[in-house]
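Same chain, two partners: subunit A is paired with subunit B first, then with subunit C.
So, the complex of A and B:
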């Protein structure tokens, strides 16, 4: 099975709008899912620049899916869904 | 930041919109539209009963962002008029917090309540535990008479069914000095004579009802007017944003500031003077002690009868730090007895703002940190023109589309020490004073990690006896748990902020010895 890729946007907008708390995922995901899921902090993913949607930040990308107003819980839920749990 | 992410998200979005409105061609009109832009027609209503109430609440929150008191709003004045008034304003208010009272409505008053779990038992331990006769049994159930209840919670502990609960008011519980209260009408209000501006209520309220009155418009106006606006970034700021503090300097300049100084530069001075003062004070205490002993011996010593001897003068066997703004407000408003123990050394902000005003007499200085209480210090220090928190700086970056990690690094004119850069952690200030001493063994630090009712009692006890616990002689007081990185207007979480500042500090030089 291919690894699920989780990209946490750490651009200034996402970081300020709450993305700072998503840094926790860097520890949490490997502990929970081992090598089934790969998590990386990413420089600005450019998602806020589409119509300048800063109010929907922070953004996280799980494979090709975009999670808006992301929280740790939202991201974990989306991973679980992908894994078919 | 805390678990109240949603309310903070709204507050930050409003700040971004206010800044965007200011930067647009028509500030007044764009300000007026903020509630409509955030809750457009047809949008699903996220929190309140209807879109109209949502907009009314956003309007009130926008008032705080424009720097006004929400309580004083008469509701007939439009945001456009407020925006205009904000531009015309020459002075800022001393009352730096404001409560959105219509957001308080959902919150119950602080009381002890018997829930449905009450079994109406025969033993009735609740009744016997109550010293005030406030509990009676009506229809086989315990009932509390609120007029007699003193909220001691003995019944809560006594009930074997856990049927009695304390209903909390989060802002009241968080306030260390009893300055915020829900009154008879159910609305919270702040008693400014008691308030120490710590901002714990802003973080505690799940409705996000308590707001800081922002000075962002005043700052933006000074920038627009072409004034030399200088940012003074607190040590804790180094852990609040992506990128490093050298990139941050460029980012802040891109946002319109003329220059950026590290407050850590002032912290090096504070540590130096505080170390000198510590040595002096301890020598003085020793002298006092010897003097008293001599007198005691001269007056008969062990042979003297009780009552013959003059009372022992209080020997001040400890000194406390003086740089926490919340603590300084506490001393002034609630703890005057500790004043003689408090270092008379200025805060890092005091020194750095003095340096800047000397170098650039027409500078407009803006202190930037995750601290809420610094607004009070800024207000009383004529060298500090404005105060901005990390949320507001973050909002400014968003509004101006500034990507910090893409900015070039720019050095600071004066490089600060490792210890000064650690001022924003609990223990950091005491550590820097210690490291400034030639003989570090003479200092025994005691740390107050966060002001609350308990730690305030402890400080009062120390002040009355002249002694600290365990022979400690240097008390560092941090109003916020964890230090300034645990401030009430932080953007980053504490653990990550600490990591970021550690990596900066570890690459910095040692502090100079006195």
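So, the complex of A and C:
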């Protein structure tokens, strides 16, 4: 099975809108899922400026799916779904 | 040629104010640096006031190209008179130099400056000018031509007279003793920066003092003529998107050190040059996003939050260990800093829901440029793109 990729946006907007809390995922995900899920940061996913009027930062991408107003819980929930648990 | 100037000082033991005073200014447009070290009579606050007045006045006179002889008379006449000794007194060393190597040095009462070229001490000629109003006050004036890799050291007599009266140094360390230490250090680290050299020398002097207690204020000014260390910081997306490629290329082809400050900016350069960028999530610290990596680029940080914090550190000191401190060190380890500032606005930053104040990039850069020039004597160029 292919690894699930989790991309956390660390651009300015996402960071101040709550992205700083998502750093927790760095420790949490490897502990919980081992090799099955990979977490990486992105300097900016570029999503805030596309739809800035309705900005739902912070953004996280799980494979190609975008999670808006991401929280640790939301991200973990989405991973569970992907894994079919 | 770049002129690297730095001073390191120690107070006389048990004093709470420095009795020596150092000040300097760089004029980037004229490729000129002026620096003055003054040693006030006595020690503590009184000496501090005398030295501070002397060096600030002298710096202003030199800056305005006033006649040096006349300027010194004015200074000596304006200093307050010491109640104990009945004289007004402070000694000084001043240098006015240009990046083409032309330099003028004026000394009054301080130990003779030390000029080192290729590991040898040079003995320049000088002219003596006597004061009209004050007996026994003589100035030495040197007109010299500096070359690349030359070093000039000025010091207050606290350095040359340290440990005087001890068995090892009956007459103190003396100028020759100091020269030995300098030459030794330069053999070990020929490229040492002025800041590190003056700090090293003052520390050595302190070690020589019995019980490490200095009997006099000690200052060492070091000047080093060398090639400038250049760096380029790219921040913000260019206003004209169709020029992204052009700016990305000119960025990567820059010869010195390179940094990117901004997530979107990093993505643009990554896209245009086809170099992947990865973010190291682990380097984030509570308040600031972490660093990213891109091949061929020395440093990649987030943009406006990091820059705002860097400005705060540059102004007030006390940096914490985070991306802003790394960016600050990147700037301070360069002599000439170029900024390429993209003028495109990030609409998302104007969302009123953002919980903190996000400054306008141009303003932050302008303030950083100002503090780098005025406080850290750097040469700064800002280009809006």
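Going forward, the second predicted complex is superposed on the first by the 82 of 85 C-alpha atoms of A that agree within 3 Å, B and C clash if a C-alpha of one lies under 4 Å from a C-alpha of the other, contacts with A are read in each partner's own complex, and residues count from 1 in each chain.
Definition applied: a contact is a pair of C-beta atoms (placed from the backbone, for glycine too) under 8 Å apart; a residue touches a chain by one contact, two chains touch by 3 or more.
Note that the coordinates shown come from a computational prediction; the quantities given were computed from them, not determined experimentally.
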| item | value |
| --- | --- |
| Overlay on subunit A: subunit C relative to subunit B, clash or fit | clash |
| Subunit B versus subunit C as contact partner of A:8, first or second or both or neither | second |
| Touched subunit A residues, subunit B compared with subunit C | C |
| Partner chain in contact with A:65 - subunit B first, subunit C second, else both or neither | neither |
| Which of subunit B and subunit C A:46 touches, first, second, both or neither | second |
| Contacts of A:23 with subunit B and subunit C, given as first, second, both or neither | both |
| Subunit B versus subunit C as contact partner of A:77, first or second or both or neither | neither |
| Location of subunit B clashes with subunit C - one stretch out of 255-263, 381-389, 435-443 or 471-479 | 255-263 |
| Residues of subunit A that lie at the interface with subunit B and also at the interface with subunit C | 10-13, 15-17, 20, 23, 43-44, 49, 52, 55 |
| Parts of subunit C lying in touch with subunit A, wherever the complex brings them together | 262-264, 266-267, 277-282, 284, 286-287, 289-290, 292, 300, 302-305, 346-351, 353-356, 358 |
| Residues on subunit B engaged by subunit A in the complex (per definition of touch) | 1, 5, 8-9, 12-13, 16, 38, 241-242, 251, 391, 394-395, 397-398, 401-406, 491-493, 496 |
| Contact set on subunit A toward subunit C in their complex | 8-13, 15-17, 19-20, 23, 25-26, 39-44, 46, 48-49, 52, 55, 57 |
| Complex contact set, residues of subunit A against subunit B | 10-13, 15-18, 20-21, 23-24, 43-44, 49, 52, 54-55, 69, 71 |
